[in-house]
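In the two assemblies presented below, chain A is common to both, partnered first by chain B and then by chain C.
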Partner chain A sequence: MNGMKASFFLAWKYLSFNKLRTTILIACVTLVGALPLSLNLLLSASERELMARAETTPLVVGAKGSDLDLAINSLYFTTVPPEPITMAEVTQIQTSGLAIAIPLHTQFQARNFPIIGTTLDYLDLRQLTVAAGRNFSILGETVLGADVAATLNLKPGDTLVSSPESVFDFGGVYPLKMNVVGVLEKSYTADDNAVFVDIKTAWVIQGLGHGHQDLAQPEDSDVVLEQNDNVVTANANLTQYNQIDADNLASFHFHGSTDTFPLTAVIAVPQDDKSAAILRGRYEVSEASSQIIQPASVIEELLLEIFKVRNILNLVFVLVSVATVVALILVFNLSLRLRQREMETNFKLGCCRSMIIRLVTAEIATILVVSLGCSLVITAGTGVFKDRITRTMLS
Partner chain B sequence: MMFRFNSHPFSRIMVVAIATTSLIISSCAPAEVNENTEQTENTEQVDGSAVTTEGSQSLIYVSNYPLQYFSERIGGDQVKVELPVPGDIDPAFWEPSADELAQLQTAELIVLNGATYEKWLQTASLPQAKTLDTANLFQDRWLSIKEVVTHQHGPEGEHSHEGTAFTTWVDPTLAIEQAAVIRDRMTTQFPDQADLFATNYKALEQDLTTIDEQLATLVVDSADQKQPLLASHPVYDYLAARYGLNLRSVLWEPETFPDEDQWAELESMLAEHPAEWMIWEGDPLPESVERLRQLGIESVVFDPAGNVPEEGDFLTVMQSNVENLSPVFAE
Partner chain C sequence: MEQSADIQPVVELTNLEFQYDRGEFHIKLPNLIIHRGQKVAMIGASGTGKTTLLHLIAGIRTPLAGKIQVSDVSMNQLSDSARRQFRISHIGFVFQDFELVEYLNVFDNILHAYRLNPSLQLDEAVKSRARELAAQLGIVDKLKRSVKALSQGERQRVAICRALLPQPQLILADEATGNLDPDNKQRILDILFRYVDEQPSTLLAVTHDYELLERFDRVIDLKTVMAIAPALSETTQSVASPLAQKRQEETV
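For the complex of A and B:
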C-alpha cells in the first residue's frame, strides 16, 4: 500500500514539474471524453425543445400548401407567411365547440421584428407573463417580447412604428404608431423576438380598419367630396389617424365583416382527443380550402431528417477519439523513450523494473483520472444548463 | 504480475469511460419524461377551463344587469359576479377604458350579451377562451333595426341603434336560452358544482317561464293584441316579436321633454299608426305624459333593466312590467 502511495506521489511530482505537457495531455483526454457526451446532451435538449413548442401547439389550420412552411411560420414566425385564410375559420372552429381557436397574423414587421396579431389566448397558450406593464387591451396597443424590448430599448409608455411592407409601397397602408403597454418575461423561445398586438390592430396596420374625423360633422368641410342622404364621400385630404389613443379610439372602425378578414393561421386547442379527431376529419375532405396540421408530427419528421447529421457527428467523434487515443499512446511511448536514461538511472539507484513500471503507470493513471473528472464536470455542467443553452441558441 | 504499458490501463479506462457515459445518459432520461409530462399538464390549462382556487369564489364579469342576475342565480355563492358599468350609464353604450378592460381580462369568465350589444368589443382585446357570448346560439333569430337615427342622452354620449336589435332578454324565452348558455359554461368550467348550477338554473327557468306565461296570457289572449303601440326607444323588438305586438318606436328619453320636431314626427306617425299607448323605458316627465294625453296617448313603463335597478331585482322589475302592461291589454 505504501509502495502504491509512493508511486502516485512521485508520479504527481513528475506531472507537476512538467506542467505544460501534463495540461495538454489532460486537455486532450478531457475533450475526447466530454465533447461527444456534452454535444449529445445538447442535441437531445434541442430536439426536445423544438418538439416541446410543437407539442404545445396541438393543431394549426392554414392555407393548403407546404405543411412545413405553415408549421415553421406558426411556431417561429421566421419563414415567409403562407397564403392567407380568413377569420371565418376562427369563427367556424369556435362555434363548433371542438376547440379554442387562436388567430395568428404574421404578415407585418416593426423594425425587423415580426408583429404577431393574435388574441390574449395566445399568451395563455404559451404561458407568457408580463414582466412590466400590462397586456394589450385596446386597439393600437402592443406587448413586446423580452428581446425586442431589450434590443430596441423600449418600455411601457414608449411607441413602436410598424414598418411598411416595402419602401416602394407608396400606395400602401400608413404605418401605425403602436403604444407599448407591456414587456413579456423572457421565455427563451421565438416569442422573445415578437411584437404582440390584438388581431384587430394587425388589421388596422393592413388598412382594413381605420379612424378618421367624423364625416357627418367634419372639422374641415373641404374633405367632403359628396354628400347624399346617408352617404358621405371624402376626398384624399381626409387625414387618417396613425396612432390610436383614447380620444380617437371610438372613430376606429372596420369596413365589411371581420369574418372575411385575413389571417396567416389558426392555432386550434381541442377540448380532448375526440374533438381533435373530429376537427381533423372536417379538414381531411378534399374540397376543404384549408389544411389542418399537427405541428408535432411535422417537426418530428423535420428533426428525423436534421438529426441524421447526428449519426455523422457520432462517427466523426469515434474517429477523432481513436486518433486521439493512438496519438496519446504515441506520446506516452515517445515520452518513455525520451525518459530511457532517467529510468536506467532509477534502475542503477536500486529501483526494480516493476517499480519503474508502477511509476509510469501511476503517471498515466493520474492523467486519465483527472481528465475523466474534468470530462464529468463539463458534461454535468452541460446537463445542468442544457435547457438554457439550447433555448438561447434556438431563440 | 507484470503489465504492459500499451494495453491494460487503456482498456480499463475505456471500460470506466463507457460505464460513466451510460450512467450520465441514463440519468438524463427520466428528466426528459418529467419535462414532457409537465408540458402536457401545462397544455391542459390553455382551454379556458382553468379551475378556480379551491375555496374561493370564481370571478365573473358581465356586460349588463340581466346577465349579472342570471349568473348570480345560477352560480349562487360559488361565483362573484361583477358588472363594471357605472349605475348611471346604459351598459349598451358603455365604453370601457384600457384599464377597465385590463381588469376584465383578470376574470375567469366574461359573460357577454352578444347580438352586437357590446359595441366596445370592436376595439377591445379579451381572451376568447374566457369569453361567453350568450346570444350566439340563436343568431338566426336576431332582429334588425330598420329606423336608424343618431341621438344623444346621458353621460355615454351620442349613439345610434342601427343594425341588430340587442335587447334580447326582454323576451323571457330568449332570456332562458341565455341563462342556459351561462349554466352550460359554468358546468364545463367548474364541473364540481354542476348539480348546484343545474338546480339553480331550474329555479330561474321556472321564474322566467312564469313571466313569459303571464305576458302571453295578458297579451296573446287579449282582443287588443294587435292594437297599435308606441315605444319611446327601439329596445322592445324582441318583446314585440315574441308576443306579436304592433309596435313602432320613436327616440325619446324619459328624462327629456321632446322638442317640437319630435312631437311633429310623432303626430305624423300617429296618422298611420294610431296608438293609444306609449311604452317607456323609465318614468317619463309629467309634462311629457300630459302632452301625450292631450294626443290621446297614455304612458306605461316597461323597464328593460339593462342596469342595476334602484329597487328590487330583475324578476321583480319584470313582474312590475307585466303589471304595468295590464291596462294596455285590459280594455
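For the complex of A and C:
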C-alpha cells in the first residue's frame, strides 16, 4: 500500500513539474474520450430536434418537385423556395373542413433574414409568444424572431426594409419599409431567425398589392393619362408608397383575386388522422399540380443518411484513438529515456525492481483518471446543454 | 589477530575480480579491509576503478570472482532484490553530481529513498529526523524549495541528508567534494565526519582533493592496492590522527 502511495506521489510530483507536457497529454486523451461521446449526444439531440419540428408540422402542401427541399424550406426557410403554388390551395383545404391551412411565403429577405408571410395561426402552431410589443395586425407590420432583433438591434417602434431580390433588378419589386411592432420570445428554432409578416404584406413586397395617391383627386393632374369609366391610367410620376402607415393604409389594394396569388407552401393541420388520410388521398391523384408531404417521414429519411455519416465519424474516432494511444506510448517511451539518469540514480539508491514499472503505471493511471474526469465533465456539460447547443446550431 | 568490537571490519574484499562486458578495463584486488568507524579516503588516477569499486561494495555491480563482505553480509550471496534492500537500508551513497531529483523539492529529495523501496518505512519519525538533519546541515529553511534553486554547496548538503537519513552503517562518497569551493569542501567533510563519529558509522570517500587527505584516518591508493601483495594491500599515504595510526598498525 505504501509502495502504491509512494508511486502515485512521485508520479503526481513529476506530472505537476512538467505541466505543459502533462496538460498536452491530458488534453489529447480528454479529446479522444470526450469528442465521440459529446458528438454522439449532440447528434442524437439534433436528430430529436429535427424530428420534433418535423413532427409538429403534420402536413405540407407545395409544388411538385423535391419533397426534401419543400420540407426543409417550410421548416427552416433555408433553401431556395420551391416553385410557387397559389392561395387557392389554402382556400381549398379550408373549405374541405379537413384541416386548418396556414399559408407560407418565404421568397423575400430583409437584411439576409427570411421574411415569412403567413397568418397568426403559424405563431400559434409553433407556440411562439411575443416577448416585447404585440403581434402584427395590419398591413406593413412585422414581428421579429429573437435573433433577428438581437442581431439588427431592433425593437418595437423601429422599421425594417425588405431587401430587393437583386441589386440590378430595376424593374423588380420595390423595397417595403416595415414597421416593427413586436419581438418574439427566443425559441431556439429557425423561427428566431425569421421576420414574420402577414401574408398580404408579403404580396405587397412582391408588388401584387400597392398604395398610391388617390387618382380621383390627384395632387398633380398630369399623372392621369386616361380615364374611362372605372379605369384610370396614370404615368410613372404617380407617387407609390413604400411604407404603410395609418394615413396611407386605406390606399393599399390588390389587383385581381387573391386566390391566384403565390405561396411557397401551405402547412395543413388536419382535424384528425382520418382527415389527414383523406387530405393526402386528394393529392395522390396524378393530375394534381401540387404535392402533399409528411415532413416527419422526409426528415426521417434524411436522418437515415446522417446515421451513415455517424458510422463514418465513429470509424474516424476509432482511428484517431488508436493514433493517440500509439502517440502516448511513444511519449512515455521518450519520457523514460529522458529520465534514464533519474532511474539509474533510483537504482543506485536501492530502488526495488518493480518500482520503475509502478512509477510509469501510476503516471499513466493519473493521466487517464484526470482525462477521464475531464471527459466526463465535458460530456456531462454537453449533456446538460445539448438541447440549447443543437437548437442554436439548427436555428 | 584478535580485534576489538570497534575495529571490526565493515568492508572486506577478498580476491576481487571485475571486468565490464566491453572494453579492457578490469579490477583485480587481492584484499582490502575497512574497519568500523574509520574515515577512509580512496585516491587514484582517473580510470583506475574507484567508482566501480564503490559500486561493487554497494552491490550495484557484481564481481566476476572474489568475495565482498559488508557488515558481516556476503553481498555475492544476496539476490538482486536483497542487495537493493540491503543497499537502501545499510549504505548511504553520496554521488559526485549529487543526482537529486529535479521535480522534487528539497524535503522530498531527502525522503526520496523511503519512497523507492518498501523496506524503508516512511513515517512521522523519519520526517522529523529529516528535518533535524536538514537543520544540522543548515538547509532547514530551504525544505520547500526546488533543488534547481539551490547553490552547489546546498545541493550537496541535500544529497548528504538523503544518504544519511536511513542511518547507514557505511557511507560511500564518490567525489562528494569534487565540484565545491574550498570552504564548502571543508564543511561537507565536517558534516560527514561528525555523522561517522556520532553514529558511529564508517566512511569510504573517493576524492581527488589531496589537501583534504590529512583529515582522513586512512588513505588508500587504489593503484597501489591492486598492485601489491594481499598482506600489504593497504597503503596509508598520510595519517592525521593517533587513532588512524593505531588502526593502520593493527590492520597491517
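Simple rule for what comes next: the second predicted complex is superposed on the first by the 346 of 395 C-alpha atoms of A that agree within 3 Å, B and C clash if a C-alpha of one lies under 4 Å from a C-alpha of the other, contacts with A are read in each partner's own complex, and residues count from 1 in each chain.
The criterion applied here is as follows: a contact is a pair of C-beta atoms (placed from the backbone, for glycine too) under 8 Å apart; a residue touches a chain by one contact, two chains touch by 3 or more.
Values in this document were obtained by computation on a predicted structure and should not be read as measured data.
Residue contacts after overlaying the shared chain place A:K348 against chain C, while chain B stays out of touching range.
In the superposition on chain A, contact of A:K274 is made with neither chain B nor chain C.
In the superposition on chain A, contact of A:R21 is made with neither chain B nor chain C.
Once the two complexes are overlaid on the shared chain, A:A52 sits against chain B while remaining clear of chain C. Of the two partner chains placed by superposition, only chain C is touched by A:K13; chain B is not. In the superposition on chain A, contact of A:K200 is made with chain B only, not with chain C. By the touch criterion stated above, A:I138 is placed in contact with chain B alone, chain C being left untouched.
Judged by the touch definition given at the top, the superposed model places A:A250 against chain B, while chain C stays out of reach.
Comparing chain B with chain C, more residues of chain A are touched by B. Residues of chain A that touch chain C in their complex: 2-3, 6, 9-10, 13-14, 16-18, 341-342, 345-353, 355.
Contacts from chain B toward chain A in the complex involve residues 2-3, 5-6, 9-10, 13, 16-17, 20-21, 24-25, 28, 32, 35-36, 39-40, 42-43, 45-48, 95, 97-99, 101-102, 104-105, 122-129, 136, 150. Against chain B, the residues of chain A that register as touching in their complex are 33, 37, 40-41, 44, 48, 52, 55-56, 58, 94-95, 100-102, 119-121, 124-125, 127, 134-139, 141, 181, 198, 200, 216, 246, 249-250, 252-254, 269, 271, 325, 329, 332-333, 336, 354, 357, 360-361, 364-365, 368, 372, 375-376, 379-380, 383. Residues 55, 58, 60, 80-81, 84-89, 91, 93, 95, 99, 101-104, 108, 112-119, 121-122, 162 of chain C are the ones that touch chain A when the two sit in their complex.
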